[in-house]
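Presented below are the structures under discussion, each in the form of structure tokens.
There are two complexes below, and they share chain A, which is joined by chain B in the first and by chain C in the second.
Moving on to the complex of A and B:
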């Protein structure tokens, strides 16, 4: 049994990490907002950890703090992500519909171009030899698993709080929520920022885990992968993204025998699930078991939503 | 900057900008009718480039299923471009018929997110299928592909050279022709009138006897056609840089339509030219940041004028 964890440590931790990134997209979606910014914040968090961990300027800090430098990195990543989320979110979230998605695509692309060209991010090569928190890959479960548990608990509590109800109201009908006195822009920005902070912290934890960090960590492809996690898992409860993230990050491993056509099949799976299981797998399951009373929203939403 | 350099940059900017314009037009047409962004548009762009290359050159490299295959015929460039674009249009039509329409009819729940991811999933399928067939290598069009034209014309302005590449001239002329044709189609024909009616209000249009589904199909065909032409033109100019090369252009196209105004046809054209010109004027020392120009624009527009340069203000209907 111990052997199993040792051999598959990397994959198992990756499953948890991807589930967390899926959740970072789920929080904005709780308030009905499509954000594709997670890879951007993830990349920033990772760069913060990488720079604090390797740059000469931080050497005295590292000596003074020892292993406590890692929580400091997480905190820093959370802080920077929150501030950036406000800067990106406020202009984009005053508007309705597709604007946040477009602004976050631009955000991710700008960050990618910057990190490819700046000196401090190591240019196209990236940053190497980031100090490790643990020796064994599987040991990283000690930070990722508690973060996942805490996030799930937080999400669960959030759904039942006043804020969560405001999110839901905006998601179901933004105009009606506005008319009822919900401060829609403020709540949308809040939902977006929660996701951003989570992605930033996951990034800061992942840089030591992966040992190297470069511009490929934050790309449009990743945005869509995380989105697929949420949609395929289901976007109606915190469990959907976790399930989707774990399933889809294991899928390429499972499809490995198919070799070259693997990526085509992967894409086709996404197409078929989007079209035939629009409520995601968890939505389809709960419908099968008969305890979903959620109305399927009609196609009338189409013109208004966008 | 000397006036000659200014002139050269203007030429380069207008040429690439006109391609952005027709590409972005493909996004805008679909958006104005359905209110969705078709993320598969970037893949259609790639497809158009590969199809035109296949018809005009037909010589494949050393990777993929078609490795080493050389087609026995080569069509003239103009014909290849046309057929390639028509085939791209048909793929656009299939995308609507087989993916977007079933999704709309089922009414999935965060529809915006689903439509986006569906589009990108289609990109994955198309791009990986291309890679499976012809590999990820770079394909360049041979210089003689347009017939007996010289590769470039060099003008001399006050003793200094200004280079107009033949490709640039061809791109500009083709784009101009297409813009004029699309403009005519939308403004002055029965088809265009019906199209605008559907864009304004699908339910009313359908009550007036317009077959909405057919017009949506037509729009996807037109959009795919435009995407295919844009891809082929960029491909002839800079080479077809692997199956993923359309994805970057796909994202840039989004910046173009936001800048011009979502759903506005003149806006897409204006946005394309503005971004093309801005990129051309990025100083050579900062060339690496050129890729970020379009996205920086997107942010500025969101801050200052979210409806875009020519867009209509968002109406808040209940």
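Moving on to the complex of A and C:
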């Protein structure tokens, strides 16, 4: 048993990490916002941890704080992500649907190109030799698993709170929510910022875990991968993204014996789920278990017809 | 007597189309005020202007002397103007109870942190919100359907739920956009009674758009008639009914 964890430590931690990144898309989606900005915040979080962990400027901090430098990195990543989310979110969230998605993709691209060209991010080579928090890969579960648990608890509580109700009202019908006294812009930005902070912290935890950090960490591919996690898992409960993230990041490994055809199967799963389980796997499960059958609801634009 | 809601010189263009043209009238405190006119007369546009969903091209809307024009819809709602929509816009994926709870948003305070931590004040507030929401559901006759998803409710119930949601906002002015659409004669009678009841109970000023003329004549204290964006008459039902311009524009030539 111990051998299994040792051999598969990297994969198991990666599953949790991907579940967290899927959740970072879930929070904006709870307020109806299709944001693909998570890889950008993830990359920023990672760079913050990498720079604080390796740059000479921070050497006195590292000496003074010892292992406490890591929580400081997380905090710093959360703070920077939150501020950046406000700066990006306030103008970008005026856009709706696919246009918001495009704007957030542009955000990810800008960060990627910047990090490729800046000196402090190590250019194309990136930053390597990032100090490790733990020796064994599997030990990183000690930080990722509690973060996942905390995020799930947060999401669960949020859904039942006044703010969570406002989020879901905006998702169902933004215009009606506005007319019913919900400050739509404020809550859309808040939902976006929650996702950004989560992605940033996951990035800051991942940089030591991966040991190196470069511009490949935050790409358009990742945006699409995280979106697939949420779509496959389901976007109507916190469990959906977790399930989708774990399944889709485990699938390529589980299918490894099939060599090249595994990619075909991977793609097939994606297509089949999106065609036959439009609310994702979690949506299908909750319906099977007899919970409410939630239909996707269209919220049309303001209609004229007096 | 000052007006609860004043519409002052409101115009609204959509490109070349004059949807509203210099509309001025005052709705008195506690009045049930009807807004009628043929299709495309600008009635819903006027509702959208009052609730801030569409800015007027010119003119002003005032609520007890306070200018609403230029405010965002949620602020106008917080000032006590609630509405329903012509083509029912409930939060379809939320339960009936949650639909009503959402409308109490601007009447409650607790933020993100107290909601996540489940503080005592948050729990107390949630209990109040729940109690109030259930009370409203009872009032509109949906007490036993609290946990049903709004989209699953029959059409008539959805319309009533939308009124319930508006009431949860604790408004002083209630705008109803064709509340009787799609209802049969007995349902219409019940609705008339219901609107009278809630107006009296919650001390509401009601502004309603309705096509069904007998209902409007029966229910409203005064009526405004719109035609092609222009206000052609305002007055008590008996008076409006006999105005030849109104008859020609709306009720048809005799």
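By definition in this document, the second predicted complex is superposed on the first by the 291 of 306 C-alpha atoms of A that agree within 3 Å, B and C clash if a C-alpha of one lies under 4 Å from a C-alpha of the other, contacts with A are read in each partner's own complex, and residues count from 1 in each chain.
As a convention for this text, a residue touches a chain if its C-beta (ideal position, glycine included) is under 8 Å from a C-beta of that chain, and two chains touch if they have at least 3 such contacts.
Keep in mind it's a predicted model, so treat the numbers as computed, not measured.
Chain A has more of its residues touched by B than by the other of chain B and chain C.
By the touch criterion stated above, A:119 is placed in contact with neither chain B nor chain C. Once the two complexes are laid over each other on the shared chain, residue contacts for A:63 go to neither chain B nor chain C. In the overlay built on the shared chain, the residue A:175 is in contact with chain B and with chain C.
Of the two partner chains placed around the shared chain by superposition, chain B is the only one that A:235 touches, whereas chain C remains out of contact. Of the two partner chains, chain C is the only one touched by A:183; chain B is not.
Residue contacts after overlaying the shared chain place A:161 against chain C, while chain B stays out of touching range.
Judged by the touch definition given at the top, the superposed model places A:135 against neither chain B nor chain C. On chain A, the surface touched by chain B in one complex and the surface touched by chain C in the other have residues 175, 236, 294, 297, 299, 302-306 in common. For chain C in complex with chain A, the residues that touch the partner chain are 14, 19, 37, 39-48, 51, 53-54, 72-74, 77-78, 82-83, 85-87, 89-95, 98, 101-103, 105-108, 110-112, 115-118, 122, 125-126, 129, 149, 151, 165-166, 169, 209, 226. Taken together, the chain A residues at the contact with chain B in this complex read 29, 32, 34, 91-92, 94-99, 101-103, 105-107, 109-110, 113-114, 116-117, 175, 220, 224, 227-228, 230-231, 235-236, 260-261, 263-264, 266-268, 270-271, 274-276, 278-279, 283, 294, 296-299, 301-306. Interface residues of chain A facing chain C in the complex, by the touch rule stated above, are 154, 157-158, 161-166, 168-169, 171-173, 175-184, 190, 236, 292-295, 297, 299, 302-306. Within the complex formed with chain A, the chain B residues making contact are 31, 34-37, 99, 102-114, 116-118, 120-125, 128-129, 131-132, 202, 247, 251, 254-255, 258, 262, 288-289, 291-292, 295-296, 298-299, 302-303, 306, 314, 316-318.
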